[in-house]
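Below, chain A partners chain B and then partners chain C, in two separate complexes.
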Partner chain A sequence: MIDSTQKITTPAQAPRNNDAGEITTQTRSQAYEFWLRYRRHQMAVFGTILFGLLILIALLGPFIVPEPVVNTATMFQLKNKPPSLEHPFGTNVNGLDVLGLVVYGARISLFLSVLAMLVACAVGTVIGIVSGYFGSWVDAVLMRIADVFLSVPLIFVLLLASRFLVNPPPEGGTGSNGVEDSSLRSIILLPLIIGLLTWPAVARLVRSVTLSVKQQEFVTSARALGSKDGRIMFLHILPNVINPVVVAGTLIVGQNIVLEAFLSYLGYGIQIPLRSWGTALAQSQNEFVNGNWWWAFFPGFFILLTVLAINFIGDGLRDALDPRNKR
Partner chain B sequence: MTKFIIRRILISIPVLIGISFLVFMIMQLAPGGPMAAFGQNPRMTAEQRAAIAHNWGLDKPVLEQYVTWFFSMFRGDWGTSFVTRQPVTQLILDRLPATLLLMLTAYIIQQLIALPLGILSALKRYSLTDKVLTVLTYIGFSMPTFWLGLILVYTFAANLKWFPSGQITNPRDPAFNSATYWPWFAANPLTAIGSLAAHLVLPIITLIVVNVAADSRYMRSSMLETINQDYIRTARAKGLKEGTIVRRHALRPALLPVVTNIALTLPALLGGAVVTESIFQWPGMGLLFISSITAADYPVMIGIVFLLSAFILVFNIIADVTYAIIDPRIRY
Partner chain C sequence: MEPLLKVNNLKVAFKTDGGLVKAVNDVNFYLNEGETLGIVGESGSGKSVTSMAIMRLLPTPPAVIDSQSEVLFRGQNLLKLKDDQMRKIRGKEIAMIFQDPMTSLNPVLTIGKQITESLKLHMKMDDKAANRRAIELLKLVGIPSAEKRLGDYPHQFSGGMRQRVMIAMAISCDPKLLIADEPTTALDVTIQAQILDLLKRLRQELGTAIMLITHDLGVVAGMCDRIQVMYAGKIVETAKAKPLYANPRMPYTIGLLNSIPRLDSEGENRLIPIQGLPPDMVTLPPGCPFEPRCAYRQPAVCQSKVPELREVEEGHRAACLFDITKETPIPEQPAPEVVATATDVRTSPAG
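Showing the complex of A and B:
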C-alpha cells in the first residue's frame, strides 16, 4: 500500500542520513493512514473478516446449496429432521433445508438492509446539508420534519406502513392477490419505506457537521470567488460530511437487518417466495413442542453474527476516520 | 424555568400535528385506503361500500377529512374498531395495564443491572472484567430481540419448563384485567403475584438485553469521563478512600447525563413492547396493534401510534427539563 519512496535531497545542509546527502522518507497515502488506524482495532478486523465471509456465503452459497422450494413429494419424509451431514442445519416443518433458508436469506436480508441504508443516507445527507447551510426558516422547517420522524415509534409505524406491501383489494372485493406480485412489491417497497422513515438521524448528524464546516475559511473563500450555493454545498461541504455518514450508515445497516427480520418474521415484511432471514424463521416457534430448535436457531444466529460484525466494523471506522484519534 | 417548560411544550405541538398528518397519509395512500377493511369482504356490493364511504365523509377532499379527523382525535373521539365495534379508547385502556406492568418492571430491573455494570466496568477499566463485559455488551447490543425471545421460550419454557411460554396468567385462572380478575387477585394475592412474576421473567429478559447493553456502555463512558477529572485526582491526593471518592465525588456528576438517558430510553422500551408482546402473546397494546394490522383496523392502529408518539414527546420534554434542573451549569 506504500505509494512511493521519495528522495528528498538537501543540498545546502550537511549530510545527515547517508553519504549521498539524501533523507529517505515514505509518503503515506490517506488510505494507508486509515488502514493503519483501522488495523489497530482488533474487533473491527475480526468484524471485517466475519462480514466478508457472510458476503461470500450470500454471493456463492446459492451456487452450492439448492434453493429451498416446498416439494410436496418429499415434504413429509424430510419434515423436522435434526442437523445431520446431509442437512447441517436440519430441516423445517415443510421439509425445507434450513441451511438453504439461511444462504438464500442472506442475499435478500443484506441487499435490503444496504438499500434501505442508502436511501436513508442519501435523503438524510441532502436534507442535512441544505438545512445546516441555509439555516433560518429552511432549517427550522426541515428539522421540525425530522423531529416528527424521530418522535414516532419506528416499529409501529413500519408495521402500519406494511399495509403498502399488500396488494390492493381487486374491484368487487374478491379474488386472490398474485403471490409473485406481492413478493416483488415487498422487495422494492420495504427498503424504501425503511429508508424514508430512518433518514432523520443522518440528517441531524450531517446538519451539525455542516454548521461547523460552513464557518471555515475555505467556504468563505469559495464564496468570495463567486461559487453558487449548490456548488459550495455539494463540492466543498459534502466531502467533509462523508466520514461521519459512512460510520452512521454502517450502524444503520445492522439496525435494518434486525428491523427487517422482525417484520418478515411476523409476515409483514418480505413476502414468500422471496426469503429473508426473517421469513426463514417465521412460524418456527410452533415446532418447539416437537423439539425442533434448529429451525429457529440458525437463521437468527446468522442475524446476530452479521449485526455483531457490522457493529464492530462501525466502531473501527469511527475510530479510524476521526482524525482526532490520530496517534 | 416555567418559561423554558412552556416553550418546550409549545415546540412539541407542531411535531404532534406532523405525526398525525404522517399517520393519516399512510392510511390514505396505502392500498385500499381507509376502506381496506371492507375491500376484503366479498359479500359487500360496490353500492354498500360507497354508502359507507359517504356516511363517514370519505368522499370529501383529503385535507378536509384530515382536519375533521384531527379535531375529533383532539376531542378524545378516537372512533370505534372495525372489528369489535368497541370504542378505540376503551380497547386501548383495557390493554394498557398489561403493557405498563411489563414496561415498568423491565425498566426498573434494567437500570438496576445496567448502572452497576457500567460503573464496575469503568472503575476496572481494561481489566479482565471490563473486557468480558465489553464483549458481552457488544453481543447484547447486536441481539435480534425477537430471536432471543424464541430461544428463551425454547430453552426455559418448552424444554426445561421453568417458566410459562407466554400469556400473562395461567389458562385456568381468570383473564388479566377482566371483570373477574381483580376479585380473584384480592382473594389469592400470593398465588396471583407469583403467577404474574413467573410470566414476567422471560419477557423481561427479552426486553432488557439490548437496553442493558446500551445503558451500561453509556454509564461506563460517563463514569470514565468523570473519574479522569482533576478534582478526583485532588481527592486521591488528599488520601481519601477510593470508595468515598467513587460514592461522594465521582458518582453524582457521572449520573447527570445518565438521568437524561434514562428518561429517553423509556420510549425505546415501548417500541420493544410490540416485539416482546408478539413473541410471548402478552395481552398488551403491542399485541392489539399486531392483530389490528391484518384486519386493516385503522382506528385502532392509529390510536395506538398516536398515544405512543405522545408518550415519546412527553418523555423527551421530561428529559430536557430534568437535565436543566439537575445540571447547575445549564442556563435556560
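Showing the complex of A and C:
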C-alpha cells in the first residue's frame, strides 16, 4: 500500500523539506487563533479582566470580609455610616457593612445568573437543533410552544412562580422554621425557573442556524456515510451552532443579573438571610432619597459593572468566534 | 452474472409550487461488479437526482419516487428497505463522493474524527484501530505525513487534498459501489487529473465499482468502461466508451461532442453549440424531449412519438427514431426555435 502511494506524487508530497516549516505555522491551535482574534477586541479583554475580578471577589471575598450578620450590640453604633477607611462602602440601617453585602451578594447573583443561563442554553439548544433538523410538524409544534413562552409576560410568570414554588407561604401561620429550607430552594429553583422561561430565545437562534447548517453538503455527506439522525444533530450540527449560543449565553447572564435583582428587589427572589445584589438594593429603597447614597450605590454599581463586563465579553466572543472575521 | 446494481423504471419527481417537476423519467440501467459507469448530462438532466435516489438521500417530500421504481443492489430493492437497514448500506456497501470538497467536510471536526466516524459505525472498530485504519487510508489516497494530519481541520487542507480525504472516507469500509457525483468539477485541471488517477488506481486495487457522474465528457473518456448520456431525466444513449465517442448515434451526444473545443482540429472549424435550452421539466413535450433543439429533427414524426432506447449496434443503444450518425448531413431547415415555453415558465414568479 505504501508503494502505491508513491506512484502519485503531488506537489505537496515532493518537497519533503518544506514539511517542517509548513507545520510550525500550522501548529497554531484553534484556541490560539481564537485568542489572537479575541485579543484585538480591547473592550472584551477589559471585560474579561473585570469579570474575572468579580468572580475572584465572589470566590475569595468571604474569606476576607466578615459575613454581614445583624449584631444587636453594635447595630446602633454602626448605623448609616458613610464610606470610611473602616467601612469603604459605608454601612446600612442595620449597621451592616455594605462591602460585605456586595461581596456575599456577588456569590449568589453570579451563581444564579450563570445557572439560569446554562439551563436556558441547554434546553434552547436541544429544542432548536431538533426543531431545525427535522422541520415539518416537529418544527411547527416546538416553535409554537416557544411562541407561547415568548408571548407570556416573563416578569408576571416569574413573580407567580416564585411566590408559589420558591417561597411558598409558610404552612400554618408565620413560623420561620422553614427559612433554611426555603433559602436553599430559592438558589436552585429560581435559576431553574428563569432558565425554563427564557429558553425560547436561544431555541429560535439555534433553529435558524441549524436550518442553514443542515443545507450544507457535509450533512448529506454524513448521511451518505450511514450516520443516524441523533449523531448528525449532536456530532455534526451542534459544534456548528455553538458559537452563537456562547455569545447569546453571555448576554443572557447579563439579563439574568438584572432580572434577579429586580425580583429580589420586589421581595420575590432571594430571601434574607441569603443575600444577593438585589436584596441589598431592596433594603435601600427609602435610604437613597434620605441622602444615604452609598447603600444603594455600591450594589447597583456592581450590577452595572458585571453587566457591562459580560456584554463586552459577548461582543468580543462574537467577533472572535466568527471564522469570517479571520485576518 | 447478476449485476451489482440494477435500476428499473426509476421515476423521481419533485412537488413544487410551480407543479410536479419530473426530474427522472423511467431510467433503466445496470452496473456490474468492478465496472466503471459514466453518467453524462448537462445541469438538470437528472443525473445527480438518480444517484441521490439510489442512496435514498432525497428528502421525501418534496421528492416523490414512483412506487414501480426499483433499485436492486445485489438483488435487494433499496427503495423498499427500512431506514435503519438503509443506513447499514450507506457508507458500508455504497459510498458517495460529493462535488464540492469545500463544503462536504464538516469545518468544525478534525479530519481524523470524520474519517473514523464510519469505521466505528460500520466496522465497530475501537478508537485505536480506527485511527490506524484512518492513517492507512490517508496514505492510500496520497496525503503526505498522514499521522500528523489526522488532527487537522478541513480548512488546513487544499481543495484537492480535501477531495482525497473525501475519497478516503468513502472507501473506508471497502464499499462495493462508489458513487462519485461530479468529483472533479470544483477542482482545477491538474488536480482533476490526480483525482481521476486516484480513482482509477483504487478501482484496480480494491475492485470497487464506480458510478461517475459528470457533465464533462473529457473526464469520463479515459476513465469509464461504459457511458450513458442523460437528457431531460432520460437516458438517451448508452455504449462502451470508445464507440460512444467514435460513433455517437443520438443527435444530443453528437451535439455535445461537437461543442467541445479541440486543439487538433485543422483549419477554422467553428464550434457548433446546441441551440436552445433544456425543456421545462414540469411540462415535458409529448414527443422527443430533445426535438426542439435537434438539428436533425423531423417535426411531424419527432413531436408525436417518444423515442425509446433501441439497439443501434451491439452494446450500443440510442433513443432516436432515426439512424443518425456523425456523417448524416444536417438537413436544411430554419434554425431550431428557442424553447420559449421553458424560459417563460422560469422567469414567471413561482406560485
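The criterion applied here is as follows: the second predicted complex is superposed on the first by the 283 of 327 C-alpha atoms of A that agree within 3 Å, B and C clash if a C-alpha of one lies under 4 Å from a C-alpha of the other, contacts with A are read in each partner's own complex, and residues count from 1 in each chain.
As a working rule, a contact is a pair of C-beta atoms (placed from the backbone, for glycine too) under 8 Å apart; a residue touches a chain by one contact, two chains touch by 3 or more.
Bear in mind the structure is a predicted one, so any value in this text is a computation, not a measurement.
Engineer: Applying the touch criterion given at the start, work out whether A:N311 contacts chain B, chain C, both or neither, answering first, second, both or neither.
Structural biologist: first
Engineer: For A:I155, select first, second, both or neither according to whether it touches chain B, chain C, the two together, or no partner.
Structural biologist: In the superposition, A:I155 touches chain B alone.
Engineer: After the superposition on A, what does A:L189 contact: first (chain B), second (chain C), both or neither?
Structural biologist: neither
Engineer: Look at A:I55 in the shared chain and tell me whether it touches chain B only, chain C only, both, or neither; answer first, second, both or neither.
Structural biologist: neither
Engineer: Specify the partner with more touching residues on chain A, choosing between chain B and chain C.
Structural biologist: The partner with more contacted residues on chain A is B.
Engineer: Scan A:V65 for contacts with chain B and chain C and give back first, second, both or neither.
Structural biologist: Neither partner.
Engineer: Could you tell me if A:N240 is touching chain B, chain C, both of them or neither one (first, second, both, neither)?
Structural biologist: second
Engineer: In the superposed arrangement, which partner chain does A:V114 touch: chain B (first), chain C (second), both, or neither?
Structural biologist: In the superposed model, A:V114 contacts neither chain B nor chain C.
Engineer: Name the contact category of A:A222: first (chain B only), second (chain C only), both, or neither.
Structural biologist: Second partner only, chain C.
Engineer: Can you list the residues of chain A that meet both chain B and chain C?
Structural biologist: none
Engineer: Which chain A residues qualify as touching chain B in the complex?
Structural biologist: 43, 144-145, 147-149, 151-157, 159-164, 166-169, 171-174, 254, 257-258, 261-262, 265-266, 268, 281, 284-285, 288-289, 293, 296-297, 300-301, 303-304, 307-308, 310-312
Engineer: Spell out the part of chain A that touches chain C in their complex, as residue ranges.
Structural biologist: Those residues of chain A that touch chain C are 1-2, 4-5, 7-8, 10, 12-13, 16, 19, 23, 26, 30, 216-218, 220-228, 231, 235-236, 239-240, 323.
Engineer: Could you please specify the touching residues of chain B with respect to chain A in the complex?
Structural biologist: Going through chain B, the ones touching chain A are 14-15, 18-19, 22-23, 26-27, 29-32, 36, 38-44, 46, 49, 138-139, 141-147, 150-151, 153-154, 158, 165, 267, 270-271, 274-275, 278-279, 289-290, 293, 296, 301-302, 304-305, 308-309, 312-313, 316.
Engineer: Over in the complex, which chain C residues touch chain A? Could you list them?
Structural biologist: 55, 57, 87-92, 95-96, 98-100, 103-109, 117-118, 121-122, 136, 139-142, 144-145, 148, 152-153, 155-156, 158, 160-161, 166, 169-170, 194, 197-198, 201, 205
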